[in-house]
Amino acid sequence: MRRSNWSPALAELKFAGNLLIQNRVVLGGTIIAIGVMLTALLGPIIVSPTVATDISLPARLQPPSAAHWLGTDDYGRDLLQMIILSTRLDVIAMLEIVGAGLAIGVTLGAFSGFIGGTLDEALMRITDIFFSIPGLVLALAVAAALGRGLDNLILAIIVVQWPGYTRILRGQVLAEKERLYVDALRALGIGRIRIIVRHIIPNTIYPVLVQCTLDLGGVILTFAGLSFLGFGASALTPELGRLITAGQNYIFEAPWLTAFPGLTILIISLAFNLVGDGIRDVLDPRLRR
Amino acid sequence: MTLNSEDEGLLQLNNVKLDFHTYAGEVKALDGVTFTLRKGEAVGLVGESGCGKSVTALTIVGLLPENATVTEGEIIFEGKNLLKVTHDEMRHIRARKIAMVFQDPTTFLNPVLTIGEQLEEVFLLNLGSNDAKLEAENTGSSKLSKSQQKKVARELSIQVLKQVRLPDSERVLKQYPHELSGGMRQRCMIAMALARNPDLFIADEITTALDVTIQAQILELLRDLKREFHGSTLLITHDLGVVAELCDRVAVMYAGNIVELADVKELFAKPLHPYTQGLMRAIPMLDKRMDRLETISGSVPDLIYPPTGCRFHPRCPFVFEKCKLMKPELLNAGKGHTVACHLYGEGKK
Amino acid sequence: MTKVLEIKNLTKWFPITSGLLGKVKGYVKAVDGVDLKIDQGETFGLVGESGSGKTTVGRCILRLIEPTSGEIFYRGKEISRLKGGAFTDVRKKFGIVFQDPYASLDPRQTIKSALIEPMKYHKIIESEDQAVMRAQDLIKRVGLNEDHLYRFPHEFSGGQRQRIAVARALTTEPDLIILDEPTSFLDVSVQAQILNLLSDLQRELNLTYLFISHNLSVIEHMSNRVGVMYLGKMMEAAPKDVVYRRPEHPYTHALISALPLPNPALARERVVLAGDIPSPVNMPSGCRFRTRCPYAKDLCAQEDPPFVAREPDHLVSCHFDLHLSAPIPTLDASTKS
């Protein structure tokens, strides 16, 4: 008899991968997303970070040309190089935010869902409070409270992200803990913590991972948006939102200053949204076991 | 198998082969199923899971899933080949001639309609047919009015519920399926099947999900109904005890083939096929004390890559060369007992 | 004979709540006063239909569900109120095999990991190599091969998964194994293999079994003593032959009589009980079986009969001495070796 030798996780990944390739639009998004990640990774190598502080006033506000493909900004810096550098910062921020939100959400959701009782009730009411405030507004409020600075902004958005993951995971855990193998483990005397960490979480994390990929596009939008408003990075730091802030003063004379960074944010956000959509379409029906 | 006019075949399956197309490959679920069901008899189709007994029933009534294809054979019912009739004809046959009852009444009964509504629906469908009893009630006019039809349907519903020994049948008509117990739902399903007065009644594992004492009630009911019901019954089950109680003849299936077919007493007294023998020895029986149960070595084959020749040969204690090369046909072993095994072939008895 | 397990007056009542504040409306009395004892090396068959509470008894012993009241003694020591670490020690002495072989294993865990986990968690074996060796030994004992250790549950058939479940139950070196309908989901031929395996292991390792099932033929084959449960209470408990050939409780009698035997020569008039099994929420007053009992009298509606011994090792819960006939008459006549 033939038997497959793959672990369930590997088999699912392969299946997902296959289906991702089949949808053209999703494939396009995936390619762009990979391109973005590569840019973020290789940014400081292609473009010297000193470009950010390399101010050259005679060269300022020049339109796109052979020397500067996307023109120069108000400090005379080459816009294309600035955008490449900025991508790195934005992408890292996006990953940090979603990653931290995931870690907090999974931990809280798993323990709360499994143990139940008053702890669970309390946590659910707390997440309810967070849900009652619109995300952007909440992020704004927290960022304002924490003060300026890149790390503070990242922290503020993490605060908005974690409740969603907690709820999703908790829902999955509530169902999973009724499964027979959990009874078998308890009967063997295996402790709750081990059951949660080694068994429950690996079996329930997929829907949350899907949600994470869907959130990437939105998170980067929020981050760049709040940066644009003045939170987060300081004026000279290469960051897409800040570039637009600077550019808005010259919107008629040098429209490329707002257009190109804005377009970049759009492309990055769209690409990750498409990847997230594709993954969700592929994995979700199979996840509702 | 030829039929003579005395034991008329109501249903005849000839070499029916069926494949399922799956992601993993072609599952050759039925490998040439052949048997005849005579008028008025009850035949049991037994086998373990995956042997194809339910698939056979679904093929007869045409309720196969989309990925199934009948690759060969014919199913002759009242002169027509059921595999070649149109959709409408098949629907008509399912409505009037063949009734099928399943294991799980909850999936079969509509949860939002009362029992009465569901039963009446069946009768109303049939009131257009040539029912002599209705003609008699019908005083001259060729068609009953809607309200008259409803009245007749209701009366017939109460009658058929009484037939299946449901106490308080008037009250049951107003109840929803979830308000009834498992045994009662099963009786309602049987009632709905009998309401059509079918020529063929197919029951697929109808007692498997019931408790022992409730199962006893249903078996008793089926035994009584057998006396009253003049049609034929095809009883599908994995429980040899149920077969011993209710059937006239038994067909044993393994991996998509019928491996043995005989009168019920004959089969239990003298099982011929090594699989049947193994099966009987594997069941713990109250009248024989066994220290260890005899087992059939190996396990059920993968039907995507079935064994060559006889599909049972990898597990057979009596296997020899011919078994691996040639699939055995159903051979006559006397007294209406047929068996598909080379042990009983020419020169090997 | 050492008593491995003894249960006295075990109850498990599930409260039914309604309304916003969760007011208790009533109780589902799943287990309503069960007595039971099992000696070393024997198999006690616990039989009953749906709603009988037999599965709940098994779960209460392992504290997968907390009993409402009653006492459970393991080798003389009361264990139903032990907490935390003390109970974990007792848990190691119990094993369980569940009904559903497809759900009782974590689908993402290799068999090797599933077998080693309890050993290392309880520090029974600390070295990885030794644990693997023990896992290899166990997997072979249950009839599979060593390379099966590196596969995942979905790669196995139902019968094979039950073998793995048995192997896992043995990892903590238990005394008493609770078998909760271990073969109900399996085909007849596979069932035979698993039952043989269980018998062999019992002999080799001097195990004690609590075998829970609704299948009367299997119970008869496997058990030394049998207890019959109905709606949360034990109706009769006695050695197997007594239960199957001369039961004294009318429910036992009807249950055995109802069994369809795979032998047309044994066809007989059977006792068919009228009506359905009552709901455990709305238990009949007095004796809970009286609504379906052909011999019920007024006393039965007023008083719940106590579970007492009519003769040594034959306990019955019935007011009357009914002198019932053999449920399967032809069985008595046939010879049993």
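The chains carry the letters A, B and C, assigned in the order they are written, with residues numbered from 1 in each.
Keep this in mind: a contact is a pair of C-beta atoms (placed from the backbone, for glycine too) under 8 Å apart; a residue touches a chain by one contact, two chains touch by 3 or more.
These numbers come from a predicted model, not from an experiment.
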Measuring between Cα centroids, what's the chain most distant from chain B? A
Chain with the smallest distance from its CA centroid to the overall CA centroid? C
When centres are defined as mean Cα positions, the distance from chain A to chain C in whole Å is 52
Express in whole angstrom the distance between the two chain centres, defined as the mean CA positions of chain A and chain B. 57
How many Å are there between the centre of chain B and the centre of chain C, using C-alpha atoms for each centre? 33
What are the residue numbers in chain C that touch two or more other chains? none
Chain C residues touching chain B in their complex are 49-50, 157, 159, 187-193, 195-196, 199, 214, 216-218, 220-222, 244, 254-255, 257-267, 270, 272-273, 276-277, 328, 330-331, 334, 336-337
If we count contacts the way the header does, which residues on chain A are in touch with chain C in the complex? 3-5, 7-9, 179-181, 183-191, 194, 198-199, 202-203
Can you list the chain C residues touching chain A in their complex? 59, 62, 64, 88, 91-92, 94-96, 98, 100, 103-110, 117-118, 121-122, 151-152, 154-155, 165, 168, 171-172
Would you tell me which residues of chain B are touching chain C in their complex? 48-49, 181, 183-184, 211-217, 219-220, 238-245, 264-265, 268-269, 278-280, 282-296, 299-300
